[in-house]
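In the two complexes below, chain A is the common chain; its partner is chain B in one and chain C in the other.
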Partner chain A sequence: MLSELLQGTDIGGFLLIQDSCTYCGRDLLKSFIEAALNREEVVHVLGFDVSEEELKDGLKSSVFQGLHFHNAFADPLGWTDNSHFTVHQFSSSGLAELLKQTAQSKPATLVIDSLSWILRHVTPTAVCHTLQQLKKGGAVKTIIGLLHEDMHSRGIVGSVCRLATSFISVAPGTKADEGLAKITRRSKSGKVMQDEQIFSIRKDLTVTVLSKPTNFGRKQSNTEEQVDPTANLTFNLRLTDSEREAKEKLALPFAFSTEKKTALLHSGPGSGKILYEPDANDDYDQEDPDDDLDV
Partner chain B sequence: MFTELNSILNASPESLTPGEFILLSDRQSDASFLIHHFLSFYLKARCKVCFVALVQSFSHYNAVSQRLGISLTQAKEKGQLTFLEGLKESLSVLIPQEENAENQAMSFLRDPAAGLRSLYEFIQSSVVESNGSGEQWGPPVLLMDDVSVLLSLGVHVGAVLDFSHYCRATVCSQLQGNVVMLVRRDGEAEEDDEGSEQLMRGLTHQSCLTLHVQGLPTGYCRDIHGQVELCWKKRQSDGQHTPKKVFQFKVHDKGLSFFARGTSSAVL
Partner chain C sequence: MAAPVSSVDKTPAECSALNVTSFQKKTRSKSISIPGTRPSVQNGQLLVSSGVTSLDYLLGGGLAVGTVLLIEEDRYDSFSRMIFKYFLAEGVVCRHELFVAATQDDPDDILQELPAPILDDVAIHRPGDQPRMSCEPQDTLDAMKIAWRYQNLPKVQSALASSSRFGHYYDVSKIMEPEIRQAAKWHRFYHPEHPPLSSGTHSPKLESYSALLKSLREVIRREGFDLNAPLPKSRNILRVGLHSLGSALWGDDLCCHDNPKNVHALTSFLYGLRALLRSSLAVAVVTVPSHLIQDRALMGSITRLCDNAIALESFKGSERETNPLYKDYHGLLHVRQVPRLNCLASQLPDHKDLAFKLKRKQFTIERLHLPPDLSETVSRVGKGESAAAACASSSAKHLDF
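Take a look at the complex of A and B:
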C-alpha cells in the first residue's frame, strides 16, 4: 500500500505523515516529494521546520525546476523584517495568493512541513478549515502534510487525521535502518483499508518495502519441535510391544463398566445385609437417593 | 574539553561540523559537565561564542574552565566570548537603577507572556556583529545553560520553542554555526503536559544530536557517575546510520572517562 501511495494514485486527497521523536518522518516526506517531482508535477513546499538546503538535501537536482520552496523557516513570526511567509498567512486566501505568484498550468501538490508548527500558532479549527477549503478548491490537487504527533494533544491529532484521506504513522522498526509504517486509507466510497509495512529509505530517497511485520508469538509456536521425553535418559522409559498390550488391557480401578457397577451396588450373597426399619420420627422416602448418580 | 568525548562524537577543534543543533538533557543527574566541555571545545576551536548563562555566575564557569585549560576572562577581553550573566542581569530588570542602562535581553522577566523576542535580538546582535579591529574568529556558537529555567520563570513552552527555532535559523542555517542547549527534565516522567517533557520533545525534533544524561537505574555508585545516551538524527556523512549509542562515565577532577556499559574498572 505504501508503494501505491508513492505512485500518487490518491488524487485529490490529503496525505498525512505522522512521526514522533523516536523516528523522523521527514525522509519519507522527501521520498513523496521526489516521487511527485519525477511525475513532473508542480510541487509547492511550505517549509517551517527545516531550511531549504536541508529539505533539498538528497533530492536530485534535475527535478528542482518543478519545486517551489516557500521559505517560512527563516522568519515565521515576523520578528526580523525579512519575512517571506509567516505562519499567520496560513489561510485559504493567503495560500491562494502564494500559489498565484508562480504561474502554473496544472493544479499543484502542496507539501506542508510541518503542520505541527502551524498548529502551535493557529487554532486547530482554523487549520482544519483551511485544509478543507484547499481540498475543495481547484488550485491544489493533493496536500501532503507532516505532523509530529507527540507535540499535540490526542484530540488535535485526531481532528487533523479525520480530514486526511490517507495517513501513515511511522515508528522505528526492529533494525536500525528500518521503519514501521501503519497505513490507513479512506476511499471515496467510505471504505477504510489498513495495513502495516516495514520499509527502509536509501540515501537516494527510494523507499523499499520490506515485508509485513512478523507476529512473534505465532512464529515461535510453528517452529517448536516435538520434544521426545524418553530420549537422553539414563534409564529406560520405552515399552516393548507386549508391555504396551498388557498396559492397554489393564482395567483402571475407577473406570466403571456396567458389570462392575452392578457388582458394587448390589452386594453378592454372603456379604452383610442391612435391614432398616424406620422409626416414627423418621422421614422415610421411598425413592432411591442414589438414582441420579451417573456412575 | 574532554578528549574521549571528542572521539565518540567524531569531532575535534580542527574539524567542526557546521550547522549543528546539539541538545543536552539530564534527568536526576547533572549534565553541566557537558556544557563545560562544549564551552572549552568551541573556545579552543577559535569560534565566536555567545554564552547565555542563566543558572550560574561567571566566576563559577571561569573556575571550571581554568581546570580545563581555558581562561574565560581572557576570551571575553579578546572579544571571542560574549557572556550574558542571567543572574546579574535579572537584578537590573527587577530593581531598575538610573545609572544602569537596562539590557533588554532579560526583559522577559517583566512580562513572560510576551515571549523571548528581546533575548533573541540580543543573541542575534552578538553573533552578527562584525569584527572591527579584532582577530578573525570562526563560525558563531550559541550555548545556553539552561533552557528549562525559562519555563520556571513563566515563559510558555511554545515561546521557548519559537525562540530556539529562531536561534537555529540564524546561527545554524544562516551563519553555519552551532547551537548547544541544555534542558533539565523533571524527576518523574509526566504525561501529556505543558512542562519540560513537551519542551524536550519539541527540541528533540529540532536537533540533530541529542546527549541524554541520567543516573544509573540501580542507584548511586562511587565509580560510575551515570550513563550518557547519544542519538544522531541525521545520517552521518559516510552514509551510515548510527542512531544510538550508550556509554557510562565517570567524572574526574580534570577529565572524564567513558566506557561501554559494564566495563568499568571497578566492575571488571
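Take a look at the complex of A and C:
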C-alpha cells in the first residue's frame, strides 16, 4: 500500500505522516516529494521545521524546477519585517495568494513541514478549517503533511487525523535502518483499509518495502478465503458440464406444458372442489374410530 | 393451496390495481396517520423507524417523534456514517422531509451516497409502471419454473401496506436511484457556507451552532412542522441529521483541548435542539466524535441532554480485531441511554453485551455470547484433580471416565 501512495493516485486527498521522536518521518516525506517531482508535478513546500538546504539535501538537483520552497524557517512569526512566510499566513486566503504568485498551469501538491509548528501558534479549529478548504480542490491537488504526535494532546492529533484520507504512522523497525509504517486509507465510500509494512529508505530517497512484520498476524480485510464446501469430501458433489445439461433437461414432476399451466391458472369457478367417495376399505365410522383394531 | 382462489377467478382487467384482499384495517380516526410512523405499543408515542430494524428493536420499537438520538462515532466514522445514511434513506422511502447539516462533506454528497432500498416492498410511484399481471402468459410463465402457480400474484404489495410498513431493508452495495431520491424534499445546512468568526467573545454559544439552530427553527416554522401553529391538512415528519457535532470543523474545540474554552457551546445547543423538537413533528439524529473528547464528565452531560444514546466501537485497528471471540462481528454497540417519555420507567434492552455486523442487506445487532467451550482438556483436568485428591494414588491419571 505504501508504494501505491507513493505513486500519488490519490487526487484531492490529504496524506498525513505521523512520526515521533523515536523515528523521524522527514525521510519518508522527502521520498514523497521526490516521487512527486519525478512525476513532473509542481510542489510547494512550506518549511517551518528545517531550512531549505537541509530539506533539499538528498533530492536530485535536476528536478528542482518544479519545487517551490517557501522559507518559513527563518522568521515564522514575523519578528523582523522581511519574512518570507509567517505562520499566520496559513489560511485559505493566504495560501491561495501564495500559490497565485507562482503562476502554474496544473494544480499543485502542497507539502507542509510540519503541521506541528502551525498547530502551536494557530488554533486547531482554524487549522482544520483551512485544511478542509484546501482539500476541496481548486489550486491544490494533494496535501502532504508531517505531524509530530508527541507534541500535541490526543485530541488535537485525533482531530487532524480525521481530516486525512490516508494516514501513515511511522515507528522504528526491528533493524537499524528500517521503519515500520502503519497505513490507514479511507475511501470515499467510508471503507477503511489498513496495512502494516516494513520499509527502508535508501540514500537516493527511494523507498523499498520489505516483507510484512511477522509477529503481527493480522489478516487483511480484503483477502477473505471463500470456503468451498465441495472440496475435501469423500464423495463427489461437483457437476461436470454434461451432467449439468442433463439436470436442466430433466422434466420436473409437476412441470406441465404451457397449455395445461394456463388452463390451471385461469381455471373457471368450481375447480377447487374435491369429490370423494369413500370405498369399502376406508372406515368411516365416526362413533368408534378404533373399530377396526383387532384387539 | 395457499393462494386465495377468489383472486384467480377475476380476469386481469377486473383485478383492482394492487389489492389482493378487501380487508381494511380499522383505524381510530382521531389519531394522526402519517406514512412511515406507528404508535408505540408501550406508551402510545408516535414512533418513526431509524432505518435499521434491529436498532428499532433495541430502542423500544423505534425513535419517538420529538426526540434526539445521539450516536457516538467509532474511530474512523465508518459505521456511524452508515447508520446516519440509513436514517436519511428511510426518510426518503417513507416520504418524510429531510434536513441535513454537515461540515466535512457537502450534504449533497451525503445524499448521493444513500443505500438503495430492497424494492419488493416499496411502491415507487412511477407514472407508467403497471404491476405484472398475467396479461401475457407466454412471457411470464417462463419466469418461475417450479412455483409457477404463484406467478399471477403481483410482486408489489398493496400501496397501503407498503407505505405503512415500518422499517425497510437496504442494500449497501447499491446507491439509491436518483428518481427515488429526487422525489424527496430536503433542506441543507453546510457549515463552510456560513464562515466562522473568530472566537473572541466569551459567550456560551458558538456562532456555528446558533446559525444551525436558527436555520432549523426557520425550516420547521416555514414548512409547517411546528405543533403550536395550526397544522396543514397533510402532516409529515421532518428528519434532522446533524453530522459530527463537536468536531473541530464546527469551530468547537471540545475535541482538541482538555479544558475547552467553549465548554457549554455544544450542551446549550443540544438543550435548544431538544426544546425545539419537543414542540414539532421532527426527529433528530446527532453524531458526535466522542473518542476525541477527553472530558468524560462533559460526555456524560452531552448524553443526558439527548434522549436516546448509543455508542459504536469498531474493531478495526484495535487489538480486538484478532480476538477469536469477535471474529464474526464488526464492532460492539453500547446502549448508553434510553428515554423515559411520559412514563416512569424506560424499556431497557435485555442484554447489555451487543455486537453489530454490517452485512450487505442488513445491519444486524446481536447479543454477544461466548461460544461453548468444547475443548477436551477442560473437564478432564477437573476430574483428574478431584480424583487425585480423593484417591491420592499415583495411578489417578489412568482413571479414564
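Note that in this section the second predicted complex is superposed on the first by the 214 of 295 C-alpha atoms of A that agree within 3 Å, B and C clash if a C-alpha of one lies under 4 Å from a C-alpha of the other, contacts with A are read in each partner's own complex, and residues count from 1 in each chain.
Everything below uses one rule, namely that a contact is a pair of C-beta atoms (placed from the backbone, for glycine too) under 8 Å apart; a residue touches a chain by one contact, two chains touch by 3 or more.
Since the model is a prediction, treat every value here as computed from it, not as a measurement.
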Partner chain in contact with A:244 - chain B first, chain C second, else both or neither: neither
First, second, both or neither for A:175, with chain B first and chain C second: neither
Which superposed partner A:153 touches (first chain B, second chain C, both, neither): both
When both partners are placed on the shared chain, which of chain B and chain C touches more of chain A: C
Touching partner for A:21 - first (chain B), second (chain C), both, neither: first
Which superposed partner A:252 touches (first chain B, second chain C, both, neither): second
Partner chain in contact with A:88 - chain B first, chain C second, else both or neither: neither
Partner chain in contact with A:60 - chain B first, chain C second, else both or neither: neither
Touching both chain C and chain B, counted on chain A across the two superposed complexes: 153-154
Residues of chain A defined as touching chain B within the complex: 21, 24, 49, 51, 53-54, 73-77, 79-80, 116, 120-121, 148, 150-151, 153-154, 172, 176-177, 203
Residues on chain A engaged by chain C in the complex (per definition of touch): 123-125, 128-129, 132-133, 153-156, 158-159, 162-163, 184, 186, 189-192, 194, 217-218, 221, 252, 254-255, 258, 261-262, 264-269, 271-272
In the complex with chain A, residue positions of chain C that touch it: 1, 5, 8-9, 76-78, 81-82, 103-104, 113, 134, 137-138, 141, 145-146, 148-149, 151-152, 192, 196, 199, 247-249, 251-253, 255-258, 289, 291-294, 316-317, 321-322
Complex contacts: residues of chain B adjacent to chain A: 117, 120-121, 124, 158, 161-162, 165-166, 169, 173-174, 192, 198, 201-202, 204-206, 233, 235, 239, 241-243
